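Each of the two complexes below includes chain A, the first together with chain B, the second together with chain C.
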Partner chain A sequence: MPEYRWPEMSKRKVMGKRLNRLDGIEKASGRAKYCSDINKPGMLHGATLVCPYAHARVKSIDTSEAEKHPGVAGVHVVSPPGTEIYWAHCEVAFVAAETELAARDALKKIKVEYEVLPHVVHEADLKKVQDRAKAAGEQIEGDPDQALKEAAVVSEGFYGIPVLEHCCLEPHGSVVSWTPDNKVEFNPSTQAVTSIRGDMARALNVPAANVHVHQDHIGGGFGSKFQPDRWGEAAARLSKAAGGRPVKLFLERNVEQVIAGCRPSAFARIKLGATKDGKITLWESQSWATGGFTGGGSPPIPYVYTRIPNQRKNHSAVSTNTAPIRAWRAPNHQQASYLTCAAMEDLAAKLKMDPLELFLKNVDLTARPDTYERQLKKAAELAEWKKLWHPRGDSGRGHLKRGLGIGVCTWGGAGHDSTARCNIHPDGTVEVELGSQDLGTGTRTIIAQVAAESLGLQVNDIRVKIGDTNYPPSGTSGGSTTVGGVSSSTRKATINALTKLFEEVAPALGAPATELEAVDGKIQVKGNPAKSLTWKAACAKLGVKTISETGQNIPRDAPKEGLNTGGVGGVQIADVTVDVETGVVKMNRIVAVQDCGTIINPKTAESQVYGAIIMSICGALMEERIMDAVTGRMLNNEMEFYKLAGIKDIGEIVVHLEIDEINDKRGVIGLGEPPAVGGIAAIANAVANAIGVRVPLVPMTPMNVLNALSGRMS
Partner chain B sequence: MAPALLEQPAGAQTAPGVMGPGAVPITLTINGKPMKVSVEPRETLLDVLRNKLDLTGAKRVCDRGTCGACSVLVNGKVMYACTILAIDAQGKQITTIEGFALAGGRPHPVVQAFVNNDAQQCGYCTPGFVVAAKAFLDANPNPTYEQVKDGLGGNLCRCGTYVGVRQAVLEAAKAMKGGRNA
Partner chain C sequence: MQPFEYASPKTLKEALALLGSAWSDAAVLAGGTDLISLMKDEVMSPKRVVNIKEIAELKGISKTAAGIRIGALATVDEVLSSPLIRASLPALTEAARGVSSPQIRNMGTFGGDLCQRPRCWYFRAGFGLIARYEGKDLVAEGDNRYHAIFGNGPARFVSASSFGPALVALGAKIRIASPSGTREVDAEKFFVSPTSSDVREVDLKPNEILTEVIVPVTGAKNATCEVRQKDALDWPLATASVALTMKGTAVASARVVLGHVAPTPWVSAEAARAIEGKAVTAETAEAAGKAAVAAARPLSMNAYKVQIAAAAVKRALLAAAGVKA
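On to the complex of A and B.
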């Protein structure tokens, strides 16, 4: 049984290095082809007709004029007469035509009659949603009634965090051809190269073996791009009807923003009880959320501080006539972190206690007391908490008020199921192949680093091939499991291939295969560089044979092997200045202290944290889906008023990854999601600290800030 | 396509002698070369670049002049290609990312600096940022950190790469002074 474990941290030569991402030049030069960039000979363009009503029944649909429109190759109806539609912008029909413009023109010629039905699109006021709220049943731990009586201090608050849109810059869609030989060539924008093949095969009722998926790059997913979706299936059907011509069908932005993924909201009235000295004894919450028509969205509260001894929780799922949720970078965690940390900050204010002290004093209520204690202290140091923190509202004179706040996070991570294949060719070329995908996290680069480390080579010696179903199956990129999965499978595949190579060259080096090692571009007798062959010379001994070996990461076995594991904590501290005359919140700084395991590339790992923080700033201060009660439609389904932070809006960001020997021994842990959790809570608490009152509704836009300051609820 | 809020779109009035509405042949000067292409008058420069000339470095993201992913240079000035009609781009010098990013087989200093500072993740906004950064540095060869933030305020990124972008533009400024722009 070969030794797969990672080399000791101090002995690594390629892993752990701050290397540039391998596809960096390709992307930054505009040469990288995303699936939305593909132009194929004979390609048709698709367009999507959506329903203007939030709740309606299709009475009739007439596509005859559209079919006659010049350039139109086909019309495919997905909501035939009788279909009940539950949210606005739901797909009704798709058109394929010679040009995009012809396809869009043809949409206008499709005549649809609807029976309009009543809708509900707002959930912030639980009283107004009536029978749309479904209670999940009360959950009780300990004796909350007794704890309430005994609590020295009880703090109560209302908090809300809205629905957000994924807003991937590359819209959802694909280029697909379904040819008369019943083969499907599928180029989707996807987080799931391997599994989307089977999903597409099922949707089209063709053998999975007939579907080939290829994607070089994806322009953002964040949890929203796992399925072929109705538009992928429709594009295939339009292709088939057009004799197999490729159909390119990507959603237009105003549709993308509505139906291609959103995060559930969360609202809660929370009561926290504590002893005089700040020991939390009680949690009571009445919470609700919407995840669209079918409900969904239940934040795990209390968050991180899960072991509060006495709890009473009631949660309701609200069904609204809005598009369904999709997984969002750390599903439900941002909401839970915000609800919990905001309530804790408010309790600290009521106790007239430093919230840092409160968070520290109660770390025994978390699953990782040592981690959170260490991280809270480190984050406080980096944020200059002692110097800059002040009691709530005590921000001095003038209209600019500065404040600090804390948010915490946790996540699983670990590695998904992944198989890698390593080919060593007689000319010394090395390929590593996986049916995986690089979401921009640097997956290609870390695969090359792992392979180079195992084989004693450099990253440029490794050809990483991903994004294709001709390569071995690898898991979806969700749950921060990709780096754990692909690094472990790559490690095992490369070690397996190297073991074969040792066997081939052992006679030439006059030593048993088990006595050989791969170091600095050579195969040598262990500890004896004098008895060696260059990598190229060693591979030449293969003659005409190519070594091709696989390695698999199996999640249930991974902990035994020690290559990857799960479970992290993190702490973020935000520093903001609020203009109490305009209500504008300005970011000064965010500090992120993040627990991690083995880090393969610190440069791309830090980028994940920077990006997660910036996404948190967007979510805390700018982003929200705004629904119109009358029409039932989203009002800001574009990028002018669906606000994202720009380069000026983010302040300074300080990232502290806990890279050390002890953490390293835990193996690889995913990093995409955990740092995206605590920032909203931290910013919300910093705003409360600055202005002296809680802004109950996120995002903390000028309107919501001014409403809080004037005692109005928005 | 989303439904129009008004049931009947306003009737288009075409003045006599105006091009269109069908396709018309035009010549665009792109990356120094004349390119003949047949376009409908309503087609944006961005769609013509992407769909008809296979120049896909400029991306269609917001399609409404907000995000900057489609940035190109028009007579040396950075502009959103989604807000320009192709017919209006006739007679102008259009430079796309393809025109300079790897000119002479070497990465432009801005491209290299974006890579060195990991100023990209999914990379979909990156060509737009590189074009905007090049135009900014051409006009401000010696920028301060604050000027970099102002100068690149017209581009949006969803992955959150701004920290790297700031560093990249400062590094590129130094590299360009020592290199081709010295």
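On to the complex of A and C.
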């Protein structure tokens, strides 16, 4: 069997280099085409009719006027009479027409009668949710009652973190045609090129082999774009009804912001007990969350510090008349990190202890004591903790108060199932093909780096082909699994292809195939550059044959192969300044120390962390879904009062990836999720440190900050 | 967006002739930074859009006998970068700086800022200026975190204008043209708190165009302080503009006007009284800030805005007087 293991760190020539993204210019210049940019000849435009009520039953629906509207090609109802609708902006019907205007005008002509039913859209106050809370059973570890009696110090607090929206800049949708020969051509905005084919085939009841999926670029997914969704299926059905004409159907922003994905909330009353020198002995929590009408969203608490010996946990899922959750970059982890780290910071304040010491003192309660100890110390050094930290609230005179705070994270990130195919052509060109997708993180680039490394070439010698179901199946891009999966499959496919090439050129070089190596654009006898052929000359020996070899990453086998693995820790420290007269929080700096494995491209890896931190800043200070109690609708389903940070709101970001020989031996580990976890907790704790009181509710807007300072409840 | 007829006249007279007698007949397009989104959301669906950007007489910033003239088509960026304005009307320069998007500063116009519609999320969702739903007062019963803390209703939105408070503080006159002639309105009277969803929040009729603003140059020390959450594009939570006529080191008379706290720029006689006769110090400015909000009546969620408004007044006074807090 060929040797697949990564070359030693010091011997790598292309992997480990800080290369720019291969598609960077294309994207920055606007040449990159997203599926929402696609326009096909004869294409129809789709529009979506949504329900204005948060809870209602469809009594009747009359589409006849809409069908007669000039330019309308078809109407597809998805909520027929009798359907109970559980959240506002839920899809009722779709229209396809010759123009966008005709489609939207036709929507107004669909007559729907609703029986309006009572709704609940807020869950922050558990007393007001009526019978919507469903308790999971109590979980007990150790003896919490005894621990409570014995604790020298008990800290109690209330904490809440809201529902967030995914806010993909490219909304959900697709261009799709379902032609009379029963073939489906599907251009969705998706994180799952390979698997969405099967999902679409099932939805339409056509053979999977008849569905072809293609996507070049995606404008954001964050966990919300795995399925064809009702709008994808509806577009296909409208296409079929129109004789196979392509239908373009993307959600409007005001609908996208509501129904195309959100992160569950989490609220908790937490009690932490400790010895007087800060050893944590007790965790008690009563938590609740909403994940929409069907519930969902249970944060894994206590987080990272999971081994607190005595625990009592009660959690309730609150069913609200709001749109359902989808996976959101580290599902449930931000919430758990915030709840846990905020409670720990409050305990430290009560102990009059430096929280850094408290986090350090209890690292044996984590699954990775050495990692967290090292990272806490490194993050503290980079954040100038010793110089800048002060006891809570001891922030000096004046209205500007500075504070520092800590957050921690953990994640898996092992590679998904992925098959790559490497074609080496007689003219020397190399293709690497995978049914994968580049979420903007640099997947194309790292595939090229791995292939070039294996073949002794440069990235420009490799044609990376992804985003198409004509290529071998590759996993969905979720859970930080892509980089481990595609790098391993690419490695194996390229080594397999190279092994074949060695066999073909061995006679010309007068050495056995096993004695050849690919170095610096040449095939040569190992250690003997004098006996070599250029890459092009070597490939010419193929005559008319193209080598086409695959390689597969199988998650079950990955640990023993050593190409990829999972399991990381991370620590983030935020440094903020709060204006206590206005409640405005400004970021000075945030430090992210991130555990990692083999890094294929430090630049794109760091870029992942930057993006994750920016997301954390938005989540900590600005973002929240705001629901209206009376109408049951979302009020900020746009990007004006659904606030996101701009470049001036970010402050300095310091990324420290723990790239070294020891970590490198672990193989490739995904970095999408973990750095997006701890930032909210770090910023929340920095605010508490600055102003001397806990702001219980995230985001820490001027409203929530001033309410906390004034003792008002929001 | 609904189909509309588009006209691009070259003169004010032609433009006025293209307007109608009802708001639904026609809408005036200048920078378009507000109108286009209102049309896309179908909050406004005018039958005709009259582009006034080609009308030369509505442009420019200049010095006149009556004061500084700012044409309706002067962009926010032109106001921000005008040395003439910065020298004597820094309250306007700072208000322009508060429009924190370069794109909007480049496209958005001075007149458009004064005529823009409220950002109230109930209004933008189609529930009207006096937002009602099945007889319920949506603002009072709903989420009013960004709404008014002053005024007796029924309107609860806040005036979105960035320049309004400064113009009211500076005693500016707003000139308006109609097919029958021109008229001049005090900036303070231009903004009105509507009593029904059928009327406008500014003193304009459907057949009128705001043409220019005259700001008297009196030598009063003036400043604007805007409190926003974000440095990037964001609406203020509260602002204050002040104009102080000094006698020696003491304030002889003051105009203190708050923004984003009421359906109109909100003149605070209480704050003016609190600072008049005194030198501006951290203490007197703070006291004036408190006086400014003493009569505030916050809604269920926006008591925090009272604190912010007080801070804005304090900071504007200190900035006008050149005192470092």
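Odds and ends about this structure:
The criterion applied here is as follows: the second predicted complex is superposed on the first by the 714 of 714 C-alpha atoms of A that agree within 3 Å, B and C clash if a C-alpha of one lies under 4 Å from a C-alpha of the other, contacts with A are read in each partner's own complex, and residues count from 1 in each chain.
Note that contacts are C-beta pairs under 8 Å (C-beta built on N, C-alpha and C of every residue); 3 or more make two chains touch, one makes a residue touch a chain.
Since the model is a prediction, treat every value here as computed from it, not as a measurement.
By the touch criterion defined above, A:K648 lies against chain B and chain C together after alignment on the C-alpha atoms of chain A. When the shared chain is aligned, no partner comes close enough to touch A:I573: not chain B, not chain C.
Legend: residue contacts after superposition of the two complexes on their common chain; A:E170 is shown touching chain B, with no touch to chain C. Once the two complexes are overlaid on the shared chain, A:A32 sits against chain B while remaining clear of chain C.
In the superposition on chain A, A:H217 makes contact with chain B only, not with chain C.
When the shared chain is aligned, chain B and chain C each come close enough to touch A:E640.
By the touch criterion stated above, A:M15 is placed in contact with neither chain B nor chain C.
Using the contact criterion defined above for the overlaid structures, shared-chain residue A:L365 touches neither chain B nor chain C, since it reaches no partner. In the superposed model, A:A497 lies in contact with neither chain B nor chain C.
Of the two partners, chain B and chain C, it is B that touches more residues of chain A. Shared contact residues of chain A with chain B and chain C: 101, 254, 631, 638, 640, 645-648. Of all residues in chain C, those touching chain A in their complex are 1, 3, 41, 100, 119, 121-122, 124-125, 133-134, 136, 138, 141-143, 145-146, 227-235, 237, 301-304, 307-308, 310-311, 314, 325. Interface residues of chain A facing chain C in the complex, by the touch rule stated above, are 101, 254, 399, 581-584, 621-622, 626-631, 633, 635-636, 638, 640-641, 643, 645-649, 701-703, 706-707, 710, 712, 714.
Chain A contributes residues 20-21, 23-25, 27-34, 36-37, 39, 45, 47-52, 89, 99-101, 104, 107-108, 167-171, 217-222, 252-255, 439-441, 603-604, 606-608, 610-615, 631, 637-640, 644-648, 650, 653 to its touches with chain B in the complex. By the touch rule above, chain B contacts chain A in their complex via residues 1-3, 5, 9, 40, 42-43, 47, 50-51, 54, 56-64, 66-67, 69, 96-98, 101-102, 107-108, 111-112, 114-116, 118-127, 130, 148-150, 152-153, 155-166.
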